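What follows is chain A paired twice: with chain B in the first complex and chain C in the second.
Let's turn to the complex of A and B:
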């Protein structure tokens, strides 16, 4: 039994293991077939990092091969659209790798326009300044794949002299507050940073209980452990699909040190964003 | 935190929430924005038209529906639902039947408040029944009563209803409501045209592609319902933009 932040008692699985004898017997009954199925599943869920042009996988981690001083990661379709229209249209970006992974959440339809069908996480560096690395991640990276992703991207001994910026979105109902969600002015931006990040953030920090989830949380934890300055800009929105207003909520990030030099043409960016919206509109008749 | 009390509609959480009803309110926010304004002699309903798929017949995607119109078209009740389309259709059908049943039984057309109460009661029933989920819709109901007074009511998934001078539902409703709070003045609704412009201006605050994605319906006292054509809306939008420009010119003149 465990108590949650709000004092509610919930039954949590005990990691110390049970002393239940029955469980041990069940495990012994595992056949070779079970093991084979488990092996196949593990292989299916493997995170593979490779260069698309040569179709060869990277032997070392991405950051070992392409060391950088600025690493900007966009996770989720709105964050990816923001980087595509505001950052990637100014300057020439070269693709240096992509991460391919499969899990039960995978759907290829959403990634058709934003990233190529076969890859879900694409990495780019700026041709004029190869120390700036960018990641567009439009897929969901499951809990068991996050460690692999981090290992293949950051490596086991990352450099500390780089700055990591992560952009992502969550539904506003995830924002822990005493007010009701209808009184919140969504979308809004909140920040969460590691200890070594000394710059002032572009928006207010996420208040307690400052809980973040999934890949952004894994990246932040990794950076905290390895003392890498990192900041997560989290946009709370009530529209999870690609939305102009939600993408617009990321604009304050353009004034941060990481992105300042990279953005040149804002009016053109807004045009590109509008085009992206119309091509991605999925007709839904469920809601009127 | 809510996980133990949100699976069944008929279960209260210890702090008094009915989570399924609150989640139904989230479904309403998935619909496009709609605005309703009650003027002195007119009621206006405006809605953001979502772009329709190429092969879809636009005619069948109706947002604003009439619940009832009297024989000589003197009074009518218009409604607009936001949220799950299928739920809206079911509730509209029931409301229409009730309007006719009322007329046959009492020989008088329904008042706007009566039909709103009927819809709200129907919605409330579904928040108290086992095995059914609440309707995921909010409605704006407008019309004139026998006494010639214009009315605007809003209902929500919990089954509550209130009368409003102006309100918005659906996505970005909060932004539109704040705009209305600032701009709904006696001057703004002084005449019918001003009320129509206020509705369009409120929608343009959140509608992304301008006037061509706006649908508008009005009822004037003692006149039948009128749906605005795309051209008429464009004219209004052009007028609004002209007024905006003039207001900005005046401002810049004052500062120089």
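Let's turn to the complex of A and C:
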């Protein structure tokens, strides 16, 4: 427990592990009604994959239905904007699935009629080369949903003959370094790769003691354990909302083997990105 | 589940299994870090589970440029075959309601691997100590009944003190006594499963978590632990 400036006593977060003991005591005191509420909440938080065109659920994992050799995953609005402008506008992409999930941060329930500002997680493959799969994930996937997401997307039979590329952003205040922070010029790119990823990365690797959490970490962990070549490009920025300069920081990734053949016209992509920014600015006001 | 780094599953029969509890001050985890890096233990696999919050980072035990780029995840297994030692390192906290399933899966794997014994390194809040405990060393051990018969006397000869029982409900005078390890994470759950030897430590701090990366207490703990380990 800790006292705030105003004198109120609040429970301070702690790495102690006391939450486990409280959890045990809660479980002992749980009634049948509490268990039912917990079951219903767990059902509500389930991750489901379905096809919006046919409104049917996917019976098997996404990669089982659509095996691929390249899987590019954008997590967060800046990474999503980067792929939308530079990759998706350079070819014809067909939607093959959509992840429906609910949590305290992502309350999109109607994934049929999404507006550009809605949080969503949609999968596409390239019509001219269906072995290239892309995921645009702008919703937050909570920690109790991350393994479910992995299971629904990657399935239980790992495929080693594919390469995974993940793009995401973190706030620059999360970056730990012995250097002075005034020498940091954000946004900047860092990479983390699995053992089986043999290509040189497009930027320097993330140094210790920096770590990555959430869905990008879940994907990379899965790939490391099951020996799938994968690389995570992490953009440290001081602007977490949609931002032209942050999106532009991902440009070195365009020279990677995964994205090289997919990008056709960079100046046109830059114009598309600017239009995307303008659309987003119209949607927001001082109350959002 | 355990997933080996190589193509074959290493034989852990007869090995001593060391693991931390994610507990106050992360002392157990820091101690395991020291053991792995000091003994230069080799990574042999991953304990891949949906019970721990995902995290990745580069090799925390890097000694050169070449090995600094090896990816590490939240639960990894290291071994030192010459000493028949295997260590599990946990680097993140449990997802809500997943600590018990984790203990079940872990113990099931340890059992099927035929490990000879399990040692859990843990810690507990110092502000729960009573007057007697405040006057003694901050280290305690807890043995499962089987090991109590075989090694208890040897441990006592090394001046280790057994974990005392305390009132189950401290506010009530005539409350029953039981083993309580506040701040010890899954330590008590593992002990109740009957497979563990524990070395809980009462942290001499104000009850807040220690500063990130403070290894000083872990070092003291380990130095005291190794003489106990020789007995076990």
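Note that the second predicted complex is superposed on the first by the 236 of 288 C-alpha atoms of A that agree within 3 Å, B and C clash if a C-alpha of one lies under 4 Å from a C-alpha of the other, contacts with A are read in each partner's own complex, and residues count from 1 in each chain.
Definition applied: contacts are C-beta pairs under 8 Å (C-beta built on N, C-alpha and C of every residue); 3 or more make two chains touch, one makes a residue touch a chain.
Nothing here was measured: the structure is a model prediction, and the numbers come from that model.
In the superposed model, A:147 makes contact with chain C only, not with chain B. Of the two partner chains placed by superposition, A:104 touches none, neither chain B nor chain C. Residue contacts after overlaying the shared chain place A:59 against neither chain B nor chain C. In the superposition on chain A, A:239 makes contact with chain B only, not with chain C.
When the shared chain is aligned, chain B comes close enough to touch A:173, but chain C does not.
The wider contact with chain A, measured as residues touched, comes from C rather than the other of chain B and chain C.
In the superposition on chain A, no contact is made by A:33 with either chain B or chain C. By the touch criterion defined above, A:211 lies against chain C but remains apart from chain B after alignment on the C-alpha atoms of chain A. Overlap of the chain B and chain C contact sets on chain A: empty, with no shared residue. Every residue of chain C that touches chain A in the complex is listed here, in rising order: 3, 21-26, 46, 48, 50, 53-60, 62, 68-71, 73-74, 93-97, 99-100, 125, 182-186, 188-189, 208-209, 213.
Interface residues of chain A facing chain B in the complex, by the touch rule stated above, are 4, 6, 8, 10, 173, 180-183, 185, 238-239, 244-245, 277, 281, 283, 285-288.
For chain B in complex with chain A, the residues that touch the partner chain are 1, 4, 22, 25-27, 29-32, 51-53, 56, 61, 63, 81-86, 88, 171-172, 174, 206, 208. The residues of chain A lying in touch with chain C in their complex are 12, 14-21, 23-24, 27, 38, 143-144, 146-147, 192-195, 205-215, 217-218, 220-221, 224-226, 232.
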